[in-house]
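After this come two complexes, each holding subunit A, first together with subunit B and then together with subunit C.
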Partner chain A sequence: MEILTTVLSVTVISVFLALIIIVAEYFFNNYGECEIDINNGDKKLKVEGGSSLLSTLSGQKIFIPSACGGKATCGLCKLQVLEGAGPLLPTEEPYLSQDERKNNYRLACQVKIKNNIRIMIPEELFNIKEYITTIESIEQLTHDIKGFRLKLPAGESVSFKAGQYMQFHTKPYAKIKESVYRAYSIANVPSDNEAIELIIRQVPDGICTTYAHTQLSEGDQVKISGPYGDFFLRGDCSEIVMIAGGSGMAPIRSIILYVLEKGIDIKMNFFFGAVTKKDLYYLEYFHDLAERHDNFRFIPALSKPAPEDNWEGEVGLITEVVERYVNDGSDMEGYLCGSPGMINACINVLDKKGIPEAKVYYDKF
Partner chain B sequence: MTTDINPLVIFFASILTSNMILSNFLGMCSYISISGEYKTASSLGKSVTLVMVFTTVLNYWVYKLVIVPLGLEYLQYILFIMIIAASVQIIEMAMDRLLPDLHVKLGIFLPLITVNCAILGTTLFMVIRDYNFVQSILFGLGSGLGWWLAISALAAIREKMAKTKLPRGLEGPGIAFIITGIMALAFIGFSGIFTIT
Partner chain C sequence: MKQSPELEVIQTNMMPGTLSAHGFIGEDSRNLADILRADAKALKQIGISQMTLADKMQELTNFGIPGLGRPMPMNNRFEIEVEDYMGRLPCPFQDNAKVDKRQTRVRRLDTGVIMRWTDLNIHMIREHGFFEGHGSIYRLDPVELSRFLGII
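Then we have the complex of A and B:
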């Protein structure tokens, strides 16, 4: 009997408290329908008020980068809020510089939507979307590198800059119980905007690369999101040096195809480094492009060619090869994609040749 | 019987001689960690005061009307904590809507207060000492103000001290504990004025 009273009374009190909170939330947290005006009227959203700007936007499929999940600890979700944000909160202060405060920058996770609000979202974030794609083809490029072509749903397209990347989401498989995502650069040209091509090298024990290599076949569905990244062609020069290793060819390929397609007047040098011939791919493809276009030069190089390779091209570390080919870098930009070690070494070499680090753009992975 | 004590005596005693921090050492976690800056410390102190008064009143009636009649004394801890958590939630929502300026200043500290043991401590002292309603309100208010006084004082001292060179092992919380100890000693000086037990 006593147990029953205890259980009953605790239950009744809990339910009562919960009810009060629900009622209070209904009264206090009900801000009605609010309008979010993005980029001076580019897009207007009608949303339910009362939640944070960050979560409301992601509910509307506009994804603002955030690493901490809205706890004001990463400072990534900075946005310009022109009107309707309320005063700056103490939680935001550590992440905003004087300039940013003056320009009404706020952390989207801390701004609560209570009324109509006007915000600015950088074009590149505005573009970020989620796509459920279908694998159109898988191509075995080398013994451990595969090329994937992912078809977007009918009627959808993605607008990206050559060199940017997508996030590739896995599903749980085998012993991996969680869905993870990893970033892979886009390998196709931006005008081919109904599909995304990714080049993925299988990393031993890599969760995502192993998933891509062993679990996926043509016709399967893959969730991707993007595009992200600030690695893309600036083109503020007459000649560019591009250096890639392994699957790092992907963004470089996109940039090359883009320049050739648009007929941009820039001379391109593409250095592609590998260990032996079996690590090289797309050789014919790029040699063919180089033959047809005067402003494109393709220099593959092997660091340790095997005797059976019969390799007649360049031999040596990619940095040594670059050093031999590049003379005066004063009017050049550098584009690098590869391992951190390779990139750091290349930055040094390019610096020696007169390309300052500020004009060298790279994606490390 | 404690019921005879003048409520005003309880009020001043809970600020000075029976200070929640300096003589009962309750609510130390936020006291030490949020006392780096005077402004924020003072805001936290105010929020604690507000919540303390509110929850003391609420818990007083829950104790008299529910816990005692049903003989649920052995569940009082759980019930008090639940009520504190719920009321903090409601206060935060109400403040966000009705007093947005104040919410900006105090809002981020409110959730933190849910787990501040000084709040539960106040309620439990009230129950143990069998205070009546008026005594309880003034006790809650006094305890809150006392907590505010202590954290503001510590924060002010720490702000002054920010430029001082300290032995490395004492930086941050270390020196804060020592200061708290000295402050507690100083507060013993008040002990002749009034006493409550």
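Then we have the complex of A and C:
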């Protein structure tokens, strides 16, 4: 009898404690309906609280740039939050300057909506749209790089500047339960506006690139959104130097095709670096363009060609090759896309050649 | 060994698909506390600190960075190839560290043995004594690593 009473007492206490937890969760984690006031009342949204500002806006079809998928590692989703954001988080600090902090800029991925909130969104971001595309073709460009051509739904088109990027969304796969998105530069020319071409290199252990490389086939559907980004041709000069490595060729290709198509009077030098020949692609394509256009020069270079490569082109680190070719950069701009190591090294070389960093453009994701 | 709720959360961050495709635990059935304890014990037995290992790994990575992917010979002992990728990775231990997506592949010129690590491996070894679980694609056995680096 005594044992039964003890068991019953413990059960009753456990049930009581569980109820307290459930009730507390309801009150503390349920933020109810909140209002997002955008651009001083231009737009007001009623949303369910509890999610990040970035994902809540995305759910309302307002797309804020983000390359990392909301992990606070790219710093692109900065927005001015005038009211209701709560205190600045340590995860945001590295991405916000003193001026930005003073002006209430926050990372939208780190701000959780818990109450009514007032934000400012640049007008151009309202033009960003989401598309459900169909994969028209997949091309194996090198051992770890694939090219994807994504066809927009019939009757739809996308307006982008050469050099901008799209966000590419995965679906859950293998052991991965949630969808993620990452940023990839557009590789086709803006006039080809019923499709988006992306060049994606497989990152070891990368969630999104592994999805693209192992899960997708022609005919599959892919959600993308965009266009985003400030990497596009300025052209306030007579000559430009473009340097890319690996999948970094994508936005450079778009810019080259745009300049040639529009007949823009600017001289282009495209340096494409790799270690061995197996890492190069589109060689014939660019050599052919260079033969047909006097204002375009293509300089592929290998840093350590293999004997079987029979390589007769430039040899050396891409920075060494640029150093050999560029003399006076005073009337030049630089456009870079590739690994952060390559970008840093190239900024230094271009600076030495008279192209200051302010005239060197690259995506910072 | 039971583990704290904090380590439980961290172990969840280490599952496939949260921060990387394959995660950091691999096929290891132990909990994070046990994985950390076993590797700390192995290091203690050989008298090497996690800082010493991380410093040496960082030294090799730094040597390879200017090669931009080209193999770089170092002191007739190692050949180092460093590749970096766009973007950064947050540390699963939630310490606010954001680490470059960089992979270092090192070949011992005398034995031909190859080991590879990421910048996140270096950070997690230095700050948290974490060498990843058995079967994880970037698992580094602390004793093998010490031997490879010539520390023991």
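Here is the rule we use: the second predicted complex is superposed on the first by the 240 of 365 C-alpha atoms of A that agree within 3 Å, B and C clash if a C-alpha of one lies under 4 Å from a C-alpha of the other, contacts with A are read in each partner's own complex, and residues count from 1 in each chain.
Keep this in mind: a residue touches a chain if its C-beta (ideal position, glycine included) is under 8 Å from a C-beta of that chain, and two chains touch if they have at least 3 such contacts.
Only a predicted model underlies this, so the values are computations on that prediction, with no experimental measurement involved.
Once the two complexes are laid over each other on the shared chain, residue contacts for A:Asn39 go to neither subunit B nor subunit C. Taking subunit A as the reference chain, the count of touched residues is higher for C when subunit B and subunit C are set side by side.
In the superposition on chain A, A:Asn104 contacts neither subunit B nor subunit C.
Of the two partner chains, subunit C is the only one that A:Lys304 touches; subunit B does not reach it. In the superposition on chain A, contact of A:Ser9 is made with subunit B only, not with subunit C.
By the touch criterion defined above, A:Pro90 lies against subunit B and subunit C together after alignment on the C-alpha atoms of chain A. When the two structures are aligned on the shared chain, A:Lys71 is found in touch with subunit C, with no touch to subunit B.
Legend: residue contacts after superposition of the two complexes on their common chain; A:Ser58 is shown touching neither subunit B nor subunit C. Shared contact residues of subunit A, touching subunit B in one structure and subunit C in the other: 90-91. Those residues of subunit A that touch subunit C in the complex are listed here as 67-68, 71-74, 90-91, 94, 172, 174-178, 180, 182, 201, 203-207, 210, 245, 273-275, 303-304, 317-319, 339-342, 345, 363, 365. Residues 40, 62, 66, 70-72, 75, 78-79, 82-83, 86, 89-90, 93-94, 96-98, 100-101, 104-105, 107-108 of subunit B are the ones touching subunit A in the complex. Considering their complex, residues 15-17, 19-23, 65-71, 82-90, 96, 98, 100-103, 137-138 of subunit C touch subunit A.
Remark: subunit A residues 5-6, 9-10, 13-14, 17-18, 20-21, 24-25, 27-29, 86-87, 89-91, 112 touch subunit B in the complex.
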